[in-house]
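What follows is a pair of complexes built around chain A, which joins chain B in one and chain C in the other.
Let's turn to the complex of A and B:
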């Protein structure tokens, strides 16, 4: 029988909290950029202007057909070179966090674009006609009439996607970036207590994500009521 | 004010409007009726450019609707439209529904727009509902708000795509009352409706459509007294003895 020894966790909590902050930072940036860029992609795809629509469709299909781990690896390899060249950073500068944020943001945009596209299409066509009939331009009709309703309809989906995204941030372990999962792994490895630390990390992810999902469900009930 | 000349429209091979011509003078009320699928709604949606058409010309207040240089948003801001399903904005209160286009499209100041909105709300008898959301109102109330919203833009004419059959009789009356008053005040109106009482009361002319064509375009008394076409006679006997 395996002898559990949880004693290395209390002392490691500050380090684990630092990791959690990185996980949350990546999630936050990726959600915000993902929704903004995803909205633009969705509008392009629905614009009826062929080059824009093809570009957006290509972008979405590309990112949805590639494993996230690979996208992250690419960004860990490409972004440092890019930032050295453009910003004149030293080759030793640590750009892993920025790389991770960019990778997640661009990858998640593809998923958000599809959610938002469905959200926009869920708003009845008559609403757009009514906005036009009042003299609104396309931009005004979208901004004032369609998108507010679309976001309201799809808020639960957007939040659920954010929860999935938060779980996926653990994939940054490929760059040895110490997010929450990475930090737990490091502590466990150091103390020879990998099993305990991974069980603990799993429990934390479960509590946070299950709690958040529950909150989303309640919100959904309120929105649809 | 509104002149429709030989307008035809196709969805692919299917012709929805065939060579339609009619005229609405300033202050005139014209009712458009006909069986469903006859193209009535499509015709009035062509008037403010919501539906494109392939041939012919529509001129509203000396502006050609399909013209290449026409500023459609500007033209539309001067033409009021009330939709079949009202299309109030459900995420805004009634007051916001009445204000949004005034401030964003016409550039009126918020308090000026609010004054105007509340005045119109009073006129359609819904002052108490300013802070409610459209979903909290009955169909007839929503339609009156939709009329107020269109009037908030000080339109030069009004288009009604009205299928009052969606409303119960009591509500039809409250809506028609507002529309009759509007007509008596001299508003130029094109009204798609099955309410023949309304047509009799306020319409100068009745346009009868069938299968995308204007079959009959007659003065109201003539239309009800002795419709020339057989289709119009059938339609009238059906709808009046209903």
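Let's turn to the complex of A and C:
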């Protein structure tokens, strides 16, 4: 039988927590940018102005057809060169965190756009007609009538997507960025205790994500009630 | 930005000389396809079984299946892959564990990747199968039992075939996902498409050509699967249901 030795975990907790902060930072930035940019994409797609609609549809379909790993590799390639060229950053500057944030934000926007589009379409047409009848412009009708209801309906889905996104942030492993998983792997590799650290990381992700999805389920019941 | 484009690099010979970089890339594509298809077959079998269990009258079996889904849904795919590849061989009985470690390295990577993707996707297939079975009118099950079928027979001949015809569209998106998720397996060294793309960058220092080619191959795979599944959807459509039957 395998001899478990969990002794390297307690000492590594501060390092793991630093990693967890990076995971959470990437998640937070990607969720906020993703929802904002995703809402714009959804509005473009539903706008009826064909160049905008085609652009949004193309953007969403492109990002949804490529593996996330590939998208991240692209961003780790492009963003540093872009930042050196435009911002005059030194080639030695560590841009991996920024690259990861941009990659996740732009990738997730495509998924958020689809959720938000469905949410907008779920609002009855009569609501828009009533808003117009009251003399509201398109922008006012969207901002004051349609979007608030749409967001209320899709809040559970947006949060579920955020949980999936949090899990996916572990893929920054491809750039050797020390997020929570990367940190756990490094500690395990250093101490020759990969088995314990990987199991520990899996357990932490499970507890966090299971707890969060349970909370979302309860919220869903309250929203639909 | 002064990048030197050189598409001919794809047709140049690799350092060992026996083949071209393009051939490396195509062998990566082949690996991606083989891995995705075998994992998909596994996911369909395991997922259907668990999906049925989630709907059976026995409460303990249904709970067991629900727990199964939660485990595979709430741990990141990358972590699951590392656990299958690095952890499980250590925890298995020594005979099995060493047996795994004595296999050819590529076989080890492929096996771990297939089992990982298979189980990960099976949890999603399970949820679709459950939704399909639960969307059927209750009368179907009652009629089957009234005709004298046993419960397993009712599932096998009535509920499951019907459910599968209804859930083809959501299964299509899971099938597309498995191809995309297979790129995660490059992290344990399996030389599938994404890994070949990175290897090309290391050898040729022409990152844009390599990544563009890999991205186009993924888009092509995506289009082929989508077209194929559209045919399946057409054939599986149940008369009397609107469109896909959602």
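Just so it is clear, the second predicted complex is superposed on the first by the 225 of 225 C-alpha atoms of A that agree within 3 Å, B and C clash if a C-alpha of one lies under 4 Å from a C-alpha of the other, contacts with A are read in each partner's own complex, and residues count from 1 in each chain.
Heads up, the rule we're going with is that contacts are C-beta pairs under 8 Å (C-beta built on N, C-alpha and C of every residue); 3 or more make two chains touch, one makes a residue touch a chain.
If you're wondering where the values come from, they're calculated on a predicted model, not measured in any experiment.
With both complexes superposed, C is the one of chain B and chain C in contact with more chain A residues. Legend: residue contacts after superposition of the two complexes on their common chain; A:209 is shown touching chain C, with no touch to chain B. By the touch criterion defined above, A:70 reaches chain C but does not reach chain B. Using the contact criterion defined above for the overlaid structures, shared-chain residue A:126 touches chain B, although it does not reach chain C. In the superposed model, A:194 makes contact with chain C only, not with chain B. Using the contact criterion defined above for the overlaid structures, shared-chain residue A:181 touches chain C, although it does not reach chain B.
Residue contacts after overlaying the shared chain place A:170 against chain C, while chain B stays out of touching range. Listed in rising order, the residues of chain B touching chain A in the complex are 45, 48, 50, 72-74, 76-81, 83, 85, 87-91, 100-101, 104-106, 149-150, 153.
In the complex of the two chains, the chain A residues touching chain B come out as 124, 126-127, 129-137, 140, 144-145, 148-149, 152. In the complex of the two chains, the chain C residues touching chain A come out as 1, 70-71, 73-80, 82-83, 86-87, 90-91, 176, 179-184, 186-187, 194, 197-198, 207-208, 211, 214-215, 218-219, 222-223.
The residues of chain A lying in touch with chain C in their complex are 2, 62, 65-70, 73-74, 77, 81, 85, 167-168, 170-171, 173-174, 181, 185, 194-195, 198-199, 201-202, 205-206, 209-210, 213.
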